[in-house]
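Two complexes are shown next, each including subunit A; its partner changes from subunit B in the first to subunit C in the second.
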Partner chain A sequence: MTALLNAGDGSRPLLMGNEAIARGALEAGMNLAAGYPGTPSSEILENLAKVAEARNLYVEWSTNEKVAMEVAAAASFAGLRSLCVMKQNGVNVASDFLLHLAGSGTRGGMVLVTCDDPGALSSVNEGESRHFARMIELPLLEPGDFQEAKDMTAWAFALSEELGTLVMLRSVTRMSHASGIVRLGKLPDRLPRAEFKSDGPMLDPDDGPVLSMPVAHKHGLQQGRIKKAREIFEASPFNTYEGPDRPELLVITSSACSLYSREAVHALGLGDRVGILKMGTTWPLPPNLLKTHLSRADRILVVEEVLPFLEDNVKVIAAEAAGEVGIKTFFGKSDGTIPAMGELSPDLVMEALCRILDVPLPAADLQYGKMAREAASLKAPQRGLAFCPGCPHRASYWNIRTALKLDDREGFVCGDIGCYTLDVFPGGAGTLKTLHSMGSGTGVASGFGKLGPFGLDRPILAVCGDSTFFHAAMPALVNAIHHRSNITVIVLDNSGTAMTGFQSHPGLCVNAMGQEMPDVDIAKICAAMGAKVEIRDPFDLAETQSTINRLMEDAEGVKVLILKQKCALSPEKRGIRQYNVHVDEALCIGEDCGCNRLCTRIFRCPALVWDKEKRRARVDEVLCAGCGVCAQICPQSAIRKEVA
Partner chain B sequence: MGTLQLPRDPYNIIITGVGGQGNVMASRVLSGMLVNKGLTITIGETFGASQRGGSVMSHIRVSATGTWSPQIPKGKADVIVALEPAEALRVLAAYGHPGVIVLANTRPVYPVGVITGELSYPALEEIRASLEQLSSRLWLIEATDAAIRLGSPILANIVMIGALAGSGILPLTPEDFRAVMAETLSGEKLEVNRKAFAAGMDMTKP
Partner chain C sequence: MAREIRGQKELREQVQDAGLCTGCGACVHLCPYQTFYHDRTIVLNPCDIQAGRCYAFCPRTPVDLEETRGLFSREAELTPEIGPVRAFRIVRAADARLREQAQHGGTVSALLSLALSEGLIDTAIVAEGRERFLHSGTAVREPGEVWKRGGSRFIVSPTVAEFNRAAADGGAGKIGVVATPCQVFALARMRLKPKLDSGRNPIDRLGLVIGLFCGFALSWSKLTALLERSVGLDAIRGMDIPPGEGVLEVYLEGGKRTFPMEEIRDCMREACQYCIDTTAEYADISVGSARLGGDWEETRTWNQVVVRSEAGAALLDLAKERGILEFRDVPAGNLDMLKAAAAEKKRAALKNLAEKSGRAEDLIYLDARDRVLAALMSEEGK
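Now for the complex of A and B:
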C-alpha cells in the first residue's frame, strides 16, 4: 500500500519530496489536482492519480500548464481545495492566467507547486519561478526538508483561504527527487460540495463574479493580501535560526540550500562561528524577523540556487533598516562568492565559508585525488545521452537525415521539447538546428517558411511530439497554414509523454486516473486545419524516406507527416521483443565493407556494438529491444532478424 | 530501534550505474531495509535522463541523528555499489578516498561513443587494477551473469544489494530484504528477487 493512504498513526515512512508534497495536499483535504508533466515535478500528480478513487480526488494531466491552472482555479472558485503542479518553465506558460488570477483572487484554498531544476539536470533552461511570486504579487513558500515539503503544502491551502489568493510553493530537483523521513499527519474525513456563487454584487469577494476588474480596486486588494501575508510570515515556524546569538557570519538560505549550508557548517566545525537563518516564507519577506537576525552579524552570506532572489530582497530590507541593524557586508551571487549558475552542493558552500572566514578547506588526500581523476579520465569513457534501444525516434531521425541528404538543398529541422530533443547530442543524428520551448519547432519553422522572398530557399522541417502537439504546437500550426508557410511538420507520435515517464495526453484513450476517455485524433485535427496529412510507420525506412522526400518537394503550404510507433519503454512494448536480432559473422565483412560501419558509426543503437577484436558488429543480447530496424540498414544483410 | 551501530554517522553509500539498470530501485530497497532498522535515511538521486544512456547516481545518507544533505560532500563516500564497472571509477574520482569500500558489477554497458568506435572501453583487468588501487576493499561481482541465470539481466541490481549484505559491511539479512520486497511484490516475482539477493550474498560471504 502506498504511504499516501497511511492513516497517519504517527508512522514515519521514507518519502520522495514529491510524495511528501502529494501527502501534504491529501492531509489538507485537496480534491482536484491538475498539471502538465515536467521533470522534476511529475511524480506529485502521478502519486495523487493512484489514490484518486480512495481519496475522492479528480486528477488530470491537462494539455498545458495554463489550462491546468484554469482547471484548478475553477475548483477553487467553487469552494474546493485545488492543486496545480508544473516545472519551472511551465509557470511561464501559465503566467498570463496567473496574473489575472492574482487579480480575481481565489476562494477554496489553491496552491501552485513549481519544481525548479537548478543546474538543468533534466531541462533545456535554468529557469527561476520565484520571480513570478514577486512580479505577480503572490505569497511564496520554499520547503527546506522533506518534513516541511509535506507540512508546508498542507499549510499552504489554509494560508490561501485565509488570504483569498493562490499560494506558490517552490521545490527544486534536490528536494523533489530526493527522499527523507516524514512523520505523517492525519487524513481528513470530509466530502465537500462544489458550489459556485456568482450572482452577488460585482465587488463581493464571496458571492460576486470572479474577475480581475475593476483593475485598480482588485490590484489594491491583492496588495492588501500580500501585506497580510507579510504579517503572518513574521511568526511562521518555517523560518528558523540555528547558531550562536552573535555569529561572525550569518547565512541566509532556503530550500535544498539550507541542507547544504547545515552540512557545510557541520563539516567545517564552524557551529560556534556561523549562524543559519533558514527562510521558508520567501515572498513577501517578513521585515521584522529579518531585522532581528540581520542585527546579529555584520557579514551576511546568502546561499540560494538560480537567481539572487532572496539576496536582492534581503538587501532591500537591510538598506531600509540600515539605521537599526547597521551597515552589512553581503556575500552571495552578486559578488561571486556563490556561483551565478548551476546547482549548489555542500562543497560549494564550504568553499564560500572558508573564503569569507579565512579558514583552510579540510585537506584532501591530493595524491589519491590525482590518481582517481586520472583513472576515471582514462578508463571511464564519457557517457553521452542516446536514444534507447528500439526507440522510434532513432528510426525517424535516420529517415529524416537520409531524406535531407537525398534532397540535397540544405534542408534543416526546427527542434522541440521531448525525448526527440536528444537528436542534438552525439548519440543523435544532428538534424535539429533550432531548439527552444514547447511547440516552438513549428512556430520557428512557420517563420523560416516566410523567408523565401529574402533569399532563404532551403527546405524547412519541424518535429514535434504527440503530447507537445497538443501542448503548444497547434496554434503555431494554424499560423503556418493560415500564412501558407511552406514547411513540413513531422509529428513523432510515440503514444505517450515519454520523456517524463509516460503520462497520458489527449491523443490517448485514457486519462491520468486510468479511466477511458475519448482520444483526440492528431491526423484529423491537422486535416481539419487545412494541412496535407500522411501517416507512416518510421520502422518502415524506405517508405518513410520516400514520403519525406515527396513532401519536401511539394512547394504548396503545410505538410504534416505523422510517424506513428510506440515508445520502446511503453507498457505495451517494454520487455517484449518483436524480433530476435543477431549479426551473421559470416556475412558481416567488417571494415572491408564499403559501408564503413554504417550500423555502429551512424545508426548508434546502444545494443549494436562494434567488436574491436573480431572487427565485426555484434548485437548485445541484454540491451536489444528487438525492433529489427537495424536489419534494414546493413548493405550485406548481415544483421538478421527472426520473429520472436 | 536505533540499536544498529554505524561505523560513522552519517554513513555514506553511493549506488551508481547507467540509466535502465534499476539504480533507483536498488537505492529504495537498500534504504527500506535500513529504515526498518530505525535509521534515518536521506536519498539524493540524479536520474533525469535515466533511461537514455546517462550515468545515474543515488546518494544514501544513513544516520541515527537526522536528515542530511541529499548530496554527499566530495571525497566522503564510505561505500560505492556500482552496477557498471566504469561508473565505479567515475564516482571514485569525485567521492572516493583511500578508505572507501567498492562493490562493482563486472558487466560493462558501453557508452554511445564506444559503440561508434570513437572511444574505447578498457578491459576489465584494467578497471580492476584501478579499483584495487583506489579502495580499501574491493569485490568484483558477476551480477549480470547471475541475473541472466535467474531469468532477467535487470535483477543485477538486486544481486548487487545482496552482495553488499553478504559482505557484512552493514548487518542486512535475507529476512530484512524479504520484508521490504513483500510490501510491493508477491508470488513468483518476490521469489526470483529473493533468489537474486541470495545469489549476491553468496558471492561476498566471508
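Now for the complex of A and C:
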C-alpha cells in the first residue's frame, strides 16, 4: 500500500519530494486537486489520483493550467480545500486567472504548487515562478527538505484560510524528484460539505459574490493579507538559522540550495565561520527576522536558483535597515559569485565560499575523477536523446521531411511542446524551425501564413500533439482559419500525454482517476472550425507523405492532418509487437549499394544496428518494438517483417 | 581527357542548383537518396560517397565529348551537326491504327513493339502520362502495352530512372529505352563505364536505345500555371506543336486554343537552353517528325529517322523485311535542313553557356577546345 495512505502512526518512510507534497495535502484534508502534467511536477497529482477513491478526492488533469486553477478555485469558493499543481511555465498560462484570484481572495484553503526546473533538464525554458508571488502579491513558501515539503504543504492550507488568499508553494527538480525520510502526520477523518455562498452583500468576504472588483477595495484587501502574512512569517519555524552567533559570512538561501549550502559548509569545515539562514517563507520576507540575522555579519552570500529573487528582496530590506544593521557587502548572482543561470550544486557553492573567505578549494580526487570517467565511457551506454523504437513521431517526421523535400519550395515546420520536440536534438533531424510554448507552433504558423504579400512565399507547416492541441493550439487554429492563413497543421496524435507519462487528456475516454469519460474528437473540432481535415496512419509512409504534399499544394486556407498512431510505450502497446522484424543478410548490401546505410545512418531507429563485422544492418530484437516502418524504407527490401 | 567524378553534393551544386538539370532521371533509383517529383530531381538525404554514379551518369556534369564519340561512331559517318549518320530515312508505321494512337508516324511504337516481339529486348522503358501533364517512365513487356503509350510529351519524364530501377531487378534480359537526347546522353555516359566508388553500373542490361528528336522541354510548374490561368487544366484533351507554325495547340473539349511560341518559350525548362543535341546523337536510331513541305495532315503521319549504330540499322532492316514500316523517298535537301536546325540549336546553347559562365572559353559542362564545338563556334564567328 502506498505510504500516502499510511495512518500516521509515527512511521518514517522514504518519500520522493512530490510524494511528500501529496501527503502534506492529504494531511491537510484537501479534497480537490487539478493540474496539467509537466516535469518535474507530474507525480504529485498522479499519486493523489491513485488514492482518490480511498481519500474521497476529486482529481483531474485539466485541459491546461489556467483551467486547472479555475477548477481548483471553485472548490475553494465552495469552502473545500484544493490543490493546483503545475510546472514553472504553467504559471504563465494560469497567470491571468491568478491575478484576478488574488483580487477576489479565496475561502477554503487553496494552494498552488509549482515545480520549477533550474537548468531546464526537462523544459525548453528556465522560467522562475517565484516572481509571480511578488508581482501578483501572494504569499510564497519554499520547502528546504523533504520533511518540510510535507509539513509546509499541510500548513499552507491553514495559512491560506487564515489569510483568505491563495498560497504558492515552490519546489524545484531536485526537491521534487529526490527522496528523503519523512515523518508522517495523521490523516484527517472528515468529509466536508461543499457550499457556495454568494447571495450576501457584494463586499461580504464570506457570503457575497467572489469578485476581484471593486478593484480599489479588493486590491487594498489583498495588500492587507500580504501585510498580515509578513507578520506571520516573522515567527515561522520554517525560517531557521544555524551557525555561530557572529559568523564571518552569512549565507541566505532557500529550497534545494539550502541543502547544497549546508553540504558545502560542512565539506569545507567552515561551520565556525559561516552561518546559514534558510528561508522557508520567501515572499513577503519578514523584515525583522532578516534584520536580526543581517546584524550577525557584514558579508552576505545569497545562494538560490535561478534568478536573484531572494537576493534582490533581501537587499531592499538591508538598504532600508542600513542604519540599524550597518552597511553590508553582498555576494551572489549580481556580482557573479554565483552563476547567473542553471542549476547550482554543492561544488559551485564551495567555490563561492572559498573565493569569498580566501580558503583553498580542496583539490579534486584525481583517482575518483578517473574512475568516474572510465565508468561513464566504458560501462554506461552512450545514449543521446532520441525517439524510441516504434515511436510514431519518427515515422511522422520522416514523412514530413520527405514531403518538404519533394515540394521543394523551402517549406518549414513550426514546432511545439511534447515528445516530438526531441526532433531539435542531435538524435532528431532538425525539422522544427521554431519552438516556444504550448500551442505556439500553430500560432506562429498562423502569422507566417500571412507574410506572403511581404515576399515570404514558402509552405508553412505546424505540428502539435494531441494533448497540446487541447491545451493551447485550438485558439491559434481558430485564428488561422478565421484569417485565411494558408497553413497545414499536423496533429501528432499518439493518444496520450506521452512525454510526461501518459496522463489523460480530453481526447481520451478516461480521466486522471481511471473513470470512463466522453472523449472529445479532434477531427470533428477542426472540421467544425472550418479546416480541411484528413486522418492518416503515419506508419503508412507512402500514403501519409502524398497526403502532406497534396495539402501543402492546396493554396486555400487551413489544412489539418491528424497522424494517428499510439505511442510505442503506451499501456496498450507496450510489450506487444505487431511485427517480427529482421534483416535478410543476403539482400542487405550494406555500404556497397550506394544506399550507404539508409536505415542506420538516416532513419536511425535505435533498434536498427550496424554490424561492423558483417558490414550489414541488424535488428536488435530486444529494442525492436515491431512497428515495421523500417521495412518500408529499405531500398533493397532486405528488412523483412512478419505479423507477430 | 578524363574528368574527375564527384559526389551528390557537387552534383547538386553544379547541376541542380545551377539550373542545368534536365530531369532525365539518370541520378534517380540508383540509391534511396535521390528521387523525382513532378518534373524535378529531389535530394532526399545526404550521401557521403565521393565518386558517385549520380554524378558520373549525369548528362550535365563536365564531359569529354571525344570519349563518347569514340564509343559510338565511325569517323566517316560523323557529322558535326547531328552526330553519326549511317542512313537517313522517311518512314511510318504500316498499321494505320498505330499511327492513329501515336503523335506522328508511329515509328517509335512500331520499332519498339518489334524489338519486344522478336526478343531483341524483354523490357521496354517508355514515358507514360499521369495526372496533370506529369509523366513517369514505365517498364512494359508486351508490344500492346507500347501501343497504348504513344504520343509526344512536352514535359520531361524521368525515363532513365525507370531504366535504373528495371535494371536492378536481378534479371538478365535486355532493356530497350525510348529517350530524349539528354536521356540518351546519360545512357551514353553509363556506357563509358566510369570508375566508381561503389555500386553497379546498370548499363549491361541496355539492349536498344531509340532516340527522340527534341527542341526543348517545358517546365511543368510554368506550363501548368499558364494553362490553369488561361483554359483550366481539366478542359484539356491534348497538345501539339505543328512544325513551322510557331504555336502550341491545346485541344479542348469543344475546339482548340493556340498559344504563340514566345509565350511557350517563357515556360521552357532552363536546362534546355544549354542543350547541344536535337537528334539524340548517341542512340541506336533516332526518330523525329518529318518535314516534307506541303500538307501538314499528310506530313504529320511520317517520321524522319537517323540510323546510327549497327543495332539500329539491323532493327530498321528487320522492320522493312516484316513490313512493319512503310518507306518513302527522302525529299532533296531534307537532311541538310535537319542539320541546319540542329546546328542552330548547338550554337545557341554554346552562346548561352558562355553567357552563363561569363567567359567565352568556359562552357561549364562542355569543353570549348572540343574539335566539333570549336568548329561550330568559329563558324559562328565568321
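Keep in mind that, in the parts below, the second predicted complex is superposed on the first by the 625 of 644 C-alpha atoms of A that agree within 3 Å, B and C clash if a C-alpha of one lies under 4 Å from a C-alpha of the other, contacts with A are read in each partner's own complex, and residues count from 1 in each chain.
Criterion: contacts are C-beta pairs under 8 Å (C-beta built on N, C-alpha and C of every residue); 3 or more make two chains touch, one makes a residue touch a chain.
Model, not experiment: these values are computed from the prediction.
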item: Partner chain in contact with A:Pro635 - subunit B first, subunit C second, else both or neither; value: second
item: First (subunit B), second (subunit C), both or neither touched by A:Arg604; value: first
item: Partner chain in contact with A:Leu551 - subunit B first, subunit C second, else both or neither; value: neither
item: Subunit B versus subunit C as contact partner of A:Leu422, first or second or both or neither; value: first
item: Subunit B versus subunit C as contact partner of A:Phe387, first or second or both or neither; value: first
item: Which partner, subunit B or subunit C, touches more subunit A residues; value: B
item: In the complex with subunit B, residue positions of subunit A that touch it; value: 1, 13-14, 39-40, 117, 121-122, 145-147, 173-175, 177-181, 256, 259-260, 262-263, 267, 345-347, 350, 364-365, 368-369, 371-373, 375-388, 419, 422, 426-427, 569, 597, 600-601, 604-606, 608-610, 612, 620, 622-623
item: Of all residues in subunit B, those that touch subunit A in their complex; value: 18, 20, 28, 31-32, 35, 40-49, 51-55, 67-75, 86-87, 89-90, 92-93, 96-98, 107, 109-117, 119-122, 126-127, 130, 133-134, 144, 148, 153, 183
item: Complex contacts: residues of subunit A adjacent to subunit C; value: 402, 405-408, 549, 591-596, 598, 602, 633, 635
item: Residue numbers on subunit C that touch subunit A, as the complex places them; value: 30-33, 35, 37, 40, 42-45, 47-49, 52-53, 198-199
